[in-house]
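So that you can tell them apart, the chains are marked A, B, C and D in the order they are listed, and the count of residues begins at 1 in each.
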Amino acid sequence: MSDFTPDEMMTIAASRALTNDDVCFVGIGAPSAACNVARLTHSPDITLIYESGTIGTAPDVLPLSIGDGELCETALTTVSVPEMFRYWLQGGRITIGFLGAAQLDRFGNINTTVIGDYASPKTRLPGGGGAPEIASSSQQVYMTCKQSRRAFVQTVDFYTSFGHGDGGDHRQRLGITTKGPTLLITDMAVWQPDEETKEFTVHSLHPGVTREQMRDSVGWDIRYADEVVETEPPSAEELTVLRELKARTKAAHERSSRSGSRSQSDG
Amino acid sequence: MSDFTPDEMMTIAASRALTNDDVCFVGIGAPSAACNVARLTHSPDITLIYESGTIGTAPDVLPLSIGDGELCETALTTVSVPEMFRYWLQGGRITIGFLGAAQLDRFGNINTTVIGDYASPKTRLPGGGGAPEIASSSQQVYMTCKQSRRAFVQTVDFYTSFGHGDGGDHRQRLGITTKGPTLLITDMAVWQPDEETKEFTVHSLHPGVTREQMRDSVGWDIRYADEVVETEPPSAEELTVLRELKARTKAAHERSSRSGSRSQSDG
Amino acid sequence: MAFMTLREAVADTVRDGCSIAFEGFTHLIPHAAAHEVMRQGMSDLTLIRMTPDIVYDQFVGLGRVKKMIFSYAGNPGVGLLRRVRDAAENSWPKPIEIEEHSHAAMANAYEAGAAGLPCAMFRGYLGAGLKEVNPNIKSVICPFTGEDLAAVPALKPDVTFIHAQRADRAGNVLLEGIVGIQKEAVLAARKAVVTVEEIVDDLSAHPNMTVLPHWTVHAVCKVPGGAHPSYVHGMYDRDNAAYLEWDKIAADRQAFADWMEEHVMRASSDDFAKRIKGLERAAS
Amino acid sequence: MAFMTLREAVADTVRDGCSIAFEGFTHLIPHAAAHEVMRQGMSDLTLIRMTPDIVYDQFVGLGRVKKMIFSYAGNPGVGLLRRVRDAAENSWPKPIEIEEHSHAAMANAYEAGAAGLPCAMFRGYLGAGLKEVNPNIKSVICPFTGEDLAAVPALKPDVTFIHAQRADRAGNVLLEGIVGIQKEAVLAARKAVVTVEEIVDDLSAHPNMTVLPHWTVHAVCKVPGGAHPSYVHGMYDRDNAAYLEWDKIAADRQAFADWMEEHVMRASSDDFAKRIKGLERAAS
């Protein structure tokens, strides 16, 4: 087994959580890579859905956006966006909603809306897109995000999508019947919510990661499971699949862009 | 000009009320023949819509049902039934809803549900199908029906679809913003609602029809317009188009049925 | 999804007292599936369908129906349903409960079922008599304009049966032509069974066509001719004579009983392939 | 429907202060139409779009936007929208009003607009912060189950612009591939303008594909390349480099102004055909 980066470990650990039977609503970025690695390794029959309307897509390269042509060309079928959100997400057919985050807290609440005050933001982020309803309508939610003190905060500035709120039975109290965030995979660890409090708890640390590094990258006092194991390192196959996917993606996206001279002629 | 039947006069008079710019939601039976005669004579660009989802259809023969294959094969596009009722009918895009009737009253209220009491009917009719919302969502409603004392009654047994209710501003009082029935074409006359009372009023009598015949075929005291004209008889072209359409229809429906031996073998 | 015989699929999904939608809007009516349910004897059924026609006339005539939820009960292009009339007017062979809607309401109610909502909201039933006789027609107020809109409960059949052109070997299903309400009826159901004309290696479907992924379907059964006397776009024509004949058969209780015995009870779903002989279309 | 030049269609439909949707979900974004509106100088606009990206960054940077109704304001695959940020964070060149929703809410609101309803109802915003800051998120109670469902007003733009593959000579429009929310955005609008790659004798469309009848559209304009740097399924690829470059251009107020002057103000919609050179796909 060769060397690997924390990013690679994150993507591969996330990919392992998926199964052949999953119907996965894929957020862009890290979730997309993990879902496609799962498809290209242990779960060839996994159903990947992107919010642009593509159902059962099998891209050869990773999409740059949720609406890339490759997603439609390789999909079983492509539906309109209202249908996607009504029949497929709200209809309860999604087993896993897979989300990234700009900011999250220990209860899996996510913020991708603003840093600072909503009315006069310090940083205006893109907003929720599909996330608010992915978080409430998917049977469960997996999250993947790199750890940093900026991202892993005591309290999110804005509840873009609701995780476990203040913890405990907060979801049920709001009438939400789905499980919510059940897994968080970072570049350093794998976290799962405590059964009672719903606070995300570290269950495995990636190879070489120390508790000191963890503390420096998370803005709250971290809870560890009674037994914390080391994450199985990437296998040679997993690494090969991921790296080939990334290489194909890079080559394809360069190929589909025109040469540098374009910017002089017409922008 | 050759002889013609009252049925032919009805269909042709109804066809004349349509224009090239109309988007017409076509009920089956008499409305379907009238709409297609309009398309084959003065209004080649009329848009005909059937509730099965076919938009801009141009059948070579008359459909036996609202879902015949011919309708789809000749349509500009075919949409799902929920889309038909949401985007196309409820969306307010239909200029003319064209309905038939089993029973109607002088305010254009239609019954195709039951004769007698709803809970213990004397005759159970098919029900409303699309008619309740065709009557309220189309910009206006044309109706066509053969006159008889059984059909043209003082009070309908059931309000399958609402015309002008008790007359006057009854539609507005119910919050209905569309015009409702504005034209009634029968085998004997052309009727239009009075501007104030909304009672259907005879504006033209078909050639040869007398006021006595009218009285014998209608279950209420008929109002006549101040000036009642004679309906322009069918032109040679109109009659030819209608008869050829009917002949093609008969031939096609016989061709698409298997021979009589079928019923012995498997019903 | 599992590939099954129609017999297996019916035995696996239908129980006495359950609610079933056999959907198809003139086109693609799942006659073979309905006959198999009749043969297997399930009773006390709630039958749901926008346009109950011959098939529901048969179920009602056999006395298998507790309740019918529908919006237009006619024999398309012919007239009334005589067995349904006999039940509604004379309680023969037994009374049936009726929950009657408009097409718009049924279409919206299936859509709401597919969309996982408890009810559908639309502009409808204005001035219509059904509001007075159907307690499942209520209203909601638009919180922005104050408009009073109609509301009906979402339809969520225990089982939906539909017929389609083809499935691929993974069980993904393609429908073409007048697609009606079938996608919604499948997605609204607890379980869906699809009979198909053929099973192919590749659906070769344009991305925007109507495809049901295999994981939305409980069972796929190959039943060539399974829509007869309804038709299959691109494959075979409607058997118009059969609809005309039905009017005569259903007019008489004994003629009905005899016909059902011969053509349904003593037949099998394999017989449907024979019934479309002479109605096939040349492949386009 | 009338065939017009894009210049005529914009002059005919857009006024200061009106609400406009330029829709396209990564695919088929009507860049040429947006640039024409910028050139003609209309201002004080309410811009509606699920995924405002470069085009809305440009409108906002030019100070033409009074209000933006949206659900995800990012540069797809790249990051943030720097002109939108500058307006939201620093009120430069002027403050903008924001009405922010989720994708589900926007999709439902367009759907309700297309369906002629005053509002949309769906299961959403559960626990979400937008409910606290957007007064246009209300609720309705299901009259059958008592469930509290989210409600938002229907979207009904004064004008919707979309880009599509082709129209026929009657002005019927065909969209293929990721069709997004465009059909709903057109049907919800008071007037719709469609730019197309080509005008053909016959759409040759399968019955179940996405076609907009000519009478649903105010104007059709032939603008080859009109989606660039977005893409057109089956015709040309996305110009990913342009999206990356935009991040640099939009990072600096002066660089932005210079770029807009050269590539939008002094250009015309005819220039788009050149911009897709090298991105075309072989006809399949």
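Assume a contact is a pair of C-beta atoms (placed from the backbone, for glycine too) under 8 Å apart; a residue touches a chain by one contact, two chains touch by 3 or more.
The structure displayed is predicted, hence computed values, not measured ones.
*Asks:* Which neighbours does chain B have in common with chain C?
*Replies:* D
*Asks:* Can you give the shortest number of steps from chain C to chain D, where adjacent chains in the path must touch?
*Replies:* Minimum number of steps from chain C to chain D: 1.
*Asks:* More C-beta pairs touching across which pair, A-D or B-D?
*Replies:* Result: the pair with more contacts is A-D.
*Asks:* Rounded to a whole Å, what is the gap between the Cα centroids of chain A and chain B?
*Replies:* Taking the mean C-alpha position of each chain, the two centres sit 56 Å apart.
*Asks:* Hey, how far is the Cα centre of chain A from the one of chain D, in Å?
*Replies:* 27
*Asks:* Just give me the whole-number Å value for how far the CA centre of chain A lies from that of chain C.
*Replies:* So the centre of chain A lies 41 Å away from the centre of chain C.
*Asks:* Note the residues in chain B that touch 2 or more other chains, in rising order.
*Replies:* Touching at least two other chains: 72-73, 78, 86, 90, 137.
*Asks:* Which chain D residues touch at least two other chains?
*Replies:* 111, 115-117, 122-123, 147, 177, 179, 183-184, 207-210
*Asks:* Following the definition at the start, I'd like every touching pair of chains, please.
*Replies:* Pairwise, the chains that meet the contact rule are A-C, A-D, B-C, B-D, C-D.
*Asks:* Using the touch definition from the top, list the residues of chain A that touch chain D in their complex.
*Replies:* Residue list for chain A touching chain D: 28, 51-54, 63-69, 71-73, 78, 80-82, 84-86, 89-90, 113, 118-133, 135-137, 158-162, 165, 170-171, 174-176, 253, 256-260, 262-263, 265-267.
*Asks:* Can you name the residues of chain D that touch chain B in the complex?
*Replies:* By the definition above, chain D touches chain B via 111, 114-117, 172, 183-184, 187, 205, 207-211, 213, 215-216.
*Asks:* Name, in rising order, each residue of chain D that touches chain A in their complex.
*Replies:* 25-27, 50-51, 70-74, 76-77, 80-81, 84-85, 88-89, 100, 102-104, 107-108, 110-111, 122-130, 133, 147-148, 177-181, 183-184, 210, 231, 233, 237-245, 249, 259, 262-263, 267, 271, 274-275, 277-279
*Asks:* Within their complex, state which residues of chain B touch chain D.
*Replies:* Touch list, chain B to chain D: 21, 23, 47, 55-56, 72-73, 75-78, 86-87, 90-93, 137.
*Asks:* What part of chain D is in contact with chain C in the complex they form?
*Replies:* 115-119, 121-123, 136, 138-145, 147, 149, 151, 153, 176-177, 179, 206-210
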